[in-house]
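Structures are listed in the sections that come next.
There are two complexes below, and they share chain A, which is joined by chain B in the first and by chain C in the second.
Let's turn to the complex of A and B:
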């Protein structure tokens, strides 16, 4: 009898925990990994940021991401300096932002463990330029948490990033952006 | 005379090359060893930032901060950068201090509620508070 009571209490607690999660439907990521990669025959350049912040609203299907440019870390100090001072002007424009939505929201069951493909579209702002982008992300849902991964390409010139002629052959026309973000319920 | 000119040109070229090579490979600024620009409590740091983000960016971005505050969460989901969230006066708004992978054991040794002193580089403010990276612990 006593055991039954305990079991019921535990079940009730688990149940209420789940309903609480479902009632918000929001997930947050505070230390997401965002990296970019540039390949040319002359030089490979990559940089990594482990502080991407994001809120994913599973009910509305909206995704907001903010990335601080100063958190990008390069292997070479000089590259990091040029990136911040010349290309990104990161004191003037300290963050990049993405505001978008999951277009195939109905195909994703956030309360069921599994791997889902999310088609994401939205607006990416870097420096003072905003462009529409589309990407496909893989969402791994497990134990109420979500890992989201995606990869896409952008052109520096689309975001007012001017690359001087002297280094043009060292920086690729298209940069590959990769994101790997762990979300937990808010 | 010609010989002298050739020698000086070669020496200059070598010097130029060495300087170039040094610049290209110059090491990152060691934040842990750098002298701090500001010593701040987490509450006042966030108060100032939220009052005027733009002015705070001008003042604090890339500066070395020694931060004092209470650990409110240890965030280890990103293995490459163990992080301690330090409380501000606002609930849910923290200062996220990112440490090098090698410092993971020191980060894990911190308990929630512990008062900590952390030195790091200010990267700015995002939706969850202020971000500091390349952090290390400062002994009192």
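Let's turn to the complex of A and C:
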């Protein structure tokens, strides 16, 4: 009885290990590019983050992206400081997250090279505020690797970002967010 | 036996669930990515506490135009409009050569003085991969008075016009709002009033800031000059003020007992006494221009 129990346990543990192994089809990206752009007649502001990390699960069709707010680079050092200090409070809220899924997963063949359009819906969390996002991404699949690109717009006020009246005309009501991620199999 | 199998299935299911949750909660740890070294930024709002240097530098390629102004003593009464009739001004340009190196030049009407400095970062406070509890910088400055010689008939040396300051700035940002800095300082004066006094004057500065909101902070700065080095008429410099930041400007509004705005002047030549009301209102305005995109 005891022996059987041990054998079974071992079998199950191996089983667990294999199920994990098997459930690959997961891709990851360590140095993804996420940038935003704000245009007003007074000033254009753009910042780039080259350290986005992401996991794409081609079986479940799920995608997760995480970035450190502090890793955004601006043209002007003072802008970067104000972005972190005043607007994003990046010490208090260090990360932004996106969790989503590919709605038209059946139309994408991850084992066949080509360009696919993915309809993605999910939740974006910035400064502890979560909102629904719907966007269209272009997936370029080549040699088992995936490049994903997308663009969408968000409003700072939806994410608890206060913009004082003095600078209202320098910061756009809607910011354009762009993501460009290179995935390789996990 | 069947029970065991059921339990094991259950355990396995739990494992799978927890794995599944992992990939949505903390990608950095899941992917074995280090978040790197997190350097502390914005220990102070600007490169000066009030009169003296703070641990902050301008970033590479950033030019800072500074207008400093000190009025007269508040106890001058209505005749002096509480000091507003007097003006002591310093105009200065600072420039970030590298993120760790900043230089600057200035000119003040107090003793018609020109000055220049370099400030270099030695240590940066950080957490994460590299841990450092404090930030450390070194400042060297020299200043030259261009006043006419007070005794033109005697042999005067150009070197007599110079004073030098060496400072270490040791700072720690304790929390989002609170930062403290200590500044061991050495002032060297080539010419002194009498041999009773010292050419090299040692002092210890202490300062700090407390944020009131994300854009406003209260700053304090005090320089203690160790005894028996300078004329007894001189007092220790103490200043208290607010930093107000708006977009590209930082306004520093303060009360101080020092008239001079150049390092050796406020450290070794402060005349005012707070308790007697020799306090002046003053302000610094900093306006930055980004000359170089360093991304």
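The working rule: the second predicted complex is superposed on the first by the 163 of 186 C-alpha atoms of A that agree within 3 Å, B and C clash if a C-alpha of one lies under 4 Å from a C-alpha of the other, contacts with A are read in each partner's own complex, and residues count from 1 in each chain.
Operating definition for what follows: contacts are C-beta pairs under 8 Å (C-beta built on N, C-alpha and C of every residue); 3 or more make two chains touch, one makes a residue touch a chain.
Model, not experiment: these values are computed from the prediction.
Q: A:57 in the overlay: touching chain B, chain C, both, or neither? Say first, second, both or neither.
A: A:57 contacts chain C only, not chain B.
Q: Which partner chains sit in contact with A:33 here, chain B, chain C, both or neither? Use first/second/both/neither.
A: A:33 sits against chain B, while chain C stays out of touch.
Q: Should A:85 be classified as contacting the first partner (chain B), the second (chain C), both, or neither?
A: The second partner, chain C, only.
Q: Touch test for A:182: chain B only (first), chain C only (second), both, or neither?
A: A:182: touches chain B, not chain C.
Q: Tell me which partner A:99 touches in the superposition: chain B (first), chain C (second), both or neither.
A: Touch status of A:99: second partner only.
Q: So in the superposed three-chain picture, is A:76 touching just chain B, just chain C, both, or none of them (first/second/both/neither)?
A: Both partners, chain B and chain C.
Q: Just chain B (first), just chain C (second), both, or neither: which does A:167 touch?
A: In the superposed model, A:167 contacts chain C only, not chain B.
Q: Look at the residues of chain A and decide whether chain B or chain C touches more of them.
A: If we count touched residues of chain A for both partners, the winner is C.
Q: On chain A, which stretch or stretches are contacted by chain B in one complex as well as by chain C in the other?
A: On chain A, the overlap between the chain B and chain C contacts is residues 28, 30, 48, 53, 55, 64, 66, 68, 70, 73, 76-78, 84, 91.
Q: Considering only the defined contacts, which chain B positions touch chain A in the complex?
A: Touch list, chain B to chain A: 23-29, 57-58, 61-62, 75, 77-78, 80-81, 83, 85, 96, 98, 121-128, 131, 133.
Q: Would you tell me which residues of chain A are touching chain B in their complex?
A: Chain A reaches chain B through residues 28, 30-33, 48, 50-51, 53, 55, 64, 66-71, 73, 76-78, 80, 84, 90-91, 94-95, 182, 184.
Q: Mind pulling up the chain C residues that touch chain A in the complex?
A: Within the complex, chain C touches chain A at residues 1, 4-5, 8, 11-12, 15-16, 19, 23-24, 26-28, 30-31, 33, 35, 38, 41-42, 58-62, 96, 176, 214-215, 245-248, 288, 290, 293-295.
Q: Quick one: in the complex, what on chain A touches chain C?
A: Result: residues 1, 4-5, 8-9, 12, 15-16, 19-20, 26, 28, 30, 48, 53-55, 57, 62, 64-66, 68, 70, 73-78, 81-82, 84-86, 89, 91-92, 99, 164, 166-167, 170 of chain A touch chain C.
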